[in-house]
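Take a look at this one; I'll ask things after.
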Amino acid sequence: MSGHATSLRLKLPAICFLLQLLTIILFAVYVRYDEETSANLWHQKLRHHNGSNLDNDFYFRYPSFQDVHTMIFIGFGFLMTFLKRYGFSSVAFNFLIAAFAIQWSTLIQGFLHSFHNGKIHVGIESMINADFCSGAILISFGAVLGKTSPVQLLLMTLLEVTLFGINEYILLILLCYQAKDAGGSMTIHTFGAYFGLTVSRLLYRPHLNKSRQREGSVYHSDLFAMIGTIYLWLFWPSFNSAVTAHGDDQHRTVLNTYFSLAASTLATFAISSLINGEGKLDMVHIQNAALAGGVVVGTSAEMMLTPFGAMIAGFLAGTISTLGFKFITPILDSKLKIQDTCGVHNLHGLPGVLGALLGALVAGLATQDVYGDGLPITLKYWPQPLPKGGTLFIPPPVYFPPGGILKMSFLASPPDTQCFEDQIYWEVRLDLGTL
Amino acid sequence: MSGHATSLRLKLPAICFLLQLLTIILFAVYVRYDEETSANLWHQKLRHHNGSNLDNDFYFRYPSFQDVHTMIFIGFGFLMTFLKRYGFSSVAFNFLIAAFAIQWSTLIQGFLHSFHNGKIHVGIESMINADFCSGAILISFGAVLGKTSPVQLLLMTLLEVTLFGINEYILLILLCYQAKDAGGSMTIHTFGAYFGLTVSRLLYRPHLNKSRQREGSVYHSDLFAMIGTIYLWLFWPSFNSAVTAHGDDQHRTVLNTYFSLAASTLATFAISSLINGEGKLDMVHIQNAALAGGVVVGTSAEMMLTPFGAMIAGFLAGTISTLGFKFITPILDSKLKIQDTCGVHNLHGLPGVLGALLGALVAGLATQDVYGDGLPITLKYWPQPLPKGGTLFIPPPVYFPPGGILKMSFLASPPDTQCFEDQIYWEVRLDLGTL
Amino acid sequence: MSGHATSLRLKLPAICFLLQLLTIILFAVYVRYDEETSANLWHQKLRHHNGSNLDNDFYFRYPSFQDVHTMIFIGFGFLMTFLKRYGFSSVAFNFLIAAFAIQWSTLIQGFLHSFHNGKIHVGIESMINADFCSGAILISFGAVLGKTSPVQLLLMTLLEVTLFGINEYILLILLCYQAKDAGGSMTIHTFGAYFGLTVSRLLYRPHLNKSRQREGSVYHSDLFAMIGTIYLWLFWPSFNSAVTAHGDDQHRTVLNTYFSLAASTLATFAISSLINGEGKLDMVHIQNAALAGGVVVGTSAEMMLTPFGAMIAGFLAGTISTLGFKFITPILDSKLKIQDTCGVHNLHGLPGVLGALLGALVAGLATQDVYGDGLPITLKYWPQPLPKGGTLFIPPPVYFPPGGILKMSFLASPPDTQCFEDQIYWEVRLDLGTL
């Protein structure tokens, strides 16, 4: 019976306990406070450098971190509540997998990027990077939304976080020595989107039409989704700037992202009403494409992109993203058998690729005249812009083996008739039949 | 047919493209990174002053900016979702016009306030000021909510942002040399309210009763509106302090606003239950009048208002605002032909005027004894408090010509029978008939 | 008639006016700007110490304050909107009592903790502490939610804030000289929970079954509640660190709380599905027990708890809290006549007690080797961990006399047939009968 097969009773506790136990053991062995969070090390540092407690990086990164944190848990979580009967699962599975992803990615990123003397040292920067990685996982979640159990999602998180770390390592360390992608156009958005689309392809459901009547929104669910949209939009400047260099870099990243987002919003409203037969606006576009301005400057916002350059980028991204929802999503489904519930290809995939190319372009145009003394700081990381743009398309086939694991039959996946439905995983007090 | 006349198909794309294109061109010609966002200029400054990247004003203004940003897009946006069938338009048109207003006001305020060597220089302060200006636009939006198309609203934004800049220039530069109104009791709230009321008067609809059945709330729409209310209330201390001087000024502004808001909340609950025939509370009052404590100290919160002075101001503002909803709004409608959908006269108009008078009073009472060395910094800007109070009432007639432009017939305005209705501008998936 | 007895018409205005008037008078006599908010004092300090305006503590505490402020008004307010017909009262009474609590606790905490030369000096730290105290009141509100009028709640706030100050004074000053409990495991969570449960016991309603049909959620009300949950979860690191010492202390508190919350989230999902007969998840658990990780490290997060230690604590707290909802809440009701609407015993009571014991344990294990120069700063406040753990259980009987005052018959309390019902206190525009 489908009721039995989707029961979480033993499966979800088992995977939660195992993953949390494994994490705790690895943390006990490998994870330590860093120089800014350890009582001992920080006070040594203060003594040796005659420093002040107010120099602790906490004061210069924590507000940005909290904005990113809000994007991950409120922004992504509520953005996905647009489905009429899947609000509990959207916001709560988002909560669950992000809560695991931040723990697991602290380990994976620690092993790959900051493993010194056999230990991983944690503090505000590791927290931001862990939240960033969970953003990629949630993008992938958007592609498979409504068609996966929380057991599958936790397993996907385990695998994807690991691949995210490896992909980042290859892209930023091996291929382009010390390249940076602060807002993650490539490492977060492009990776998260194409990983999610690959998984969605592997889990292709030929009979999804049996659940299509639940794959839309109702009036109030679209308003809940707007909470997610607006928070993502508001805090995207913090997302792109959270780990850029202190000073003008962080300040400029915020400014560029702010203008890019404003322009992508106007583009989205324009294109949404233009492509609608009756001259009406579509909430799906506003909820998603207006954010493309944040994605597209993820790589380049820390550079001297200029405010009008940011606006042009944002306007193009909003346009392309809205067109994608109208014209590309149906083709992905019918021709490529990729069922992309939230349209992550339009919001994160296309604008992410565009953002990587833009980053390469702006890096290529950098001159000493424009950057002054700021040049070495900003651009020493950009020696090989073109290969970097090129590496974007390598990963997807690599995702097949891990993605395939998610097809295993005992993972409480919903049947084709019960997709986009909270009642199979939740005690729902109101009969939802009327929605 | 009304369906045809309200189609956004060509009109909305046309105005969005034109405005965004114009903005991009003007930005390309005039807008440059300022000393704190330009790689070149910032590193020059660091070299010449032996400074640190952590001295960048980003770290001291950005958290305040993000609070203001949240008020503009979440606060105003959700506050207006109280209407039962106008939630999409409320939050999304708010989003659209604010996204344009922040771009356009960067130009207008730049030309009028910070035009140096033929260029406008942008950074965190220009971002805060642009958000402030968009606050005034959204106040006006509240007055005409449900009765205007997005095309009209973008045109209104274009005109009002321009007038906002001129009004601010006249008030703060010409009339009162270097006067300041950090929290905008005058420049934002009073201006925004009376501009909006003027536009509402010009667009007077004698047959609005055909849409009155939709001019109320339903249970869940009032809860969405409370998201807006609470965020506005929480972050008002940041709004009033975002551009005040660093140090005690900013700190004191926050503290005064916090106490004023707390007192206006108690006043609102008290008066709301007092004036209701059955002794019940009214959500409209709680959603709006509780915020009057923030408006009323907009000018004076940076002064030595004293905590109990802030409480008295807040208590009076909450009282007057609640009474205004009960007794003045119906008179404005029936006698003056001003249909004020959100009651902005009660939340922003009256408390704004009161706040200007309070600012003049507290400035007049300032002594060296109370301010010490802080006197010149705080009060050199307040040499002519009374004329400033007096200028409040000059603007409204000036708004007639620009407001009149909005009456043009091809702007996709809703017919009298279709006001407060999302379905004319939006693809609405659920039949809203039952709400 | 019950309609008459619950009318707020004279009672609510009377108590609001009296309390606000009393507060304003006491503020006028006793409350002054502190050294960082007074123009005079701050500029004296700058002159004497050659300081900078950017050293004002505003810049190092205000972002944390705003996070706490959001938890109090959005977090607690929306968490309690889960009831199907009590959303207005939940978010708005939360608003009212917190607005009064922050004023009254500024006075009480000022008299007991920072009364110098006959004056209370206020600034960002007093604001944070006032918000903390209001958190305890809102925890108690959760226990009596739906069964009390706003008049009763304001009276409860008056009494509880006063007792909160005395309890904190006894616990942290008298019993354990200079003990600290920065995140309030004891002073806020344990106190708030047991005070609320005591009041709920005193107001026991034997015929509450007449209102039980309204004591549940509907689909959308559970989503509103998740807004509250997620914001509480996101900003709990700021709550626990808001008043810890600057530098590594604040940074480490944030990090430990972040990991503890992540682990308690996995535990909650695991146990929720394990104890449900059909293997489904329960929104009540996710909304509440996932937060237990924040409560449990309230005392110990500033210590060298280690990241994996924080995870173990969070995992245990999430487990115990979820089990409490399933097994203890029904027993409290049936055996002890304690009707705990929100289950505050499970979220704040049990994890608070556990957190106090954990604090004593971690303090007892502290060594010079682990803390280095940071030891005196962190641990000089922890000389008597065990008595402190023991004082937890002293207060409840003390709450009886003040709690009993709330039983007075003229306080507009709802009848047993009208509990959990907005319509007795609110103008409700939609007939709620169908919910």
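Chains here go by letter, A, B and C, matching the order in which they are written, and residues are numbered from 1 within each.
The rule we apply is simple: contacts are C-beta pairs under 8 Å (C-beta built on N, C-alpha and C of every residue); 3 or more make two chains touch, one makes a residue touch a chain.
Which protein is which chain? UniProt says A, B, C = Rh family B glycoprotein.
Treat the numbers as computed from the prediction; the structure is a model and nothing was measured.
By the residue-number overlap criterion, the interface of subunit A with subunit B counts as different, with under half of its numbers used by both chains. It takes 120 degrees of rotation, in steps of 5, to superpose the Cα atoms of subunit B onto those of subunit C.
Subunit A and subunit B, compared by their mean Cα positions, are separated by 33 Å. The set of subunit B residues touching two or more other chains comprises 59, 63, 220, 227. By the touch criterion given at the top, residues 3, 6-10, 12-13, 16-17, 19-20, 23-25, 27-28, 31-33, 36-44, 46-47, 53-54, 56-59, 62-63, 66, 69-70, 73-74, 77-78, 81, 87-88, 91-92, 95-96, 99-100, 102-103, 122-124, 127, 150, 220, 224, 227, 424-430, 432, 435 of subunit B touch subunit A in their complex. By the touch criterion given at the top, residues 55, 59-60, 63, 67, 216-220, 222-223, 226-227, 230-231, 233-235, 238, 245-252, 254-255, 258-259, 261-263, 265-267, 269-271, 273-274, 276, 278-283, 286, 290, 304, 306-308, 311-312, 315, 369-375, 377-378 of subunit A touch subunit B in their complex.
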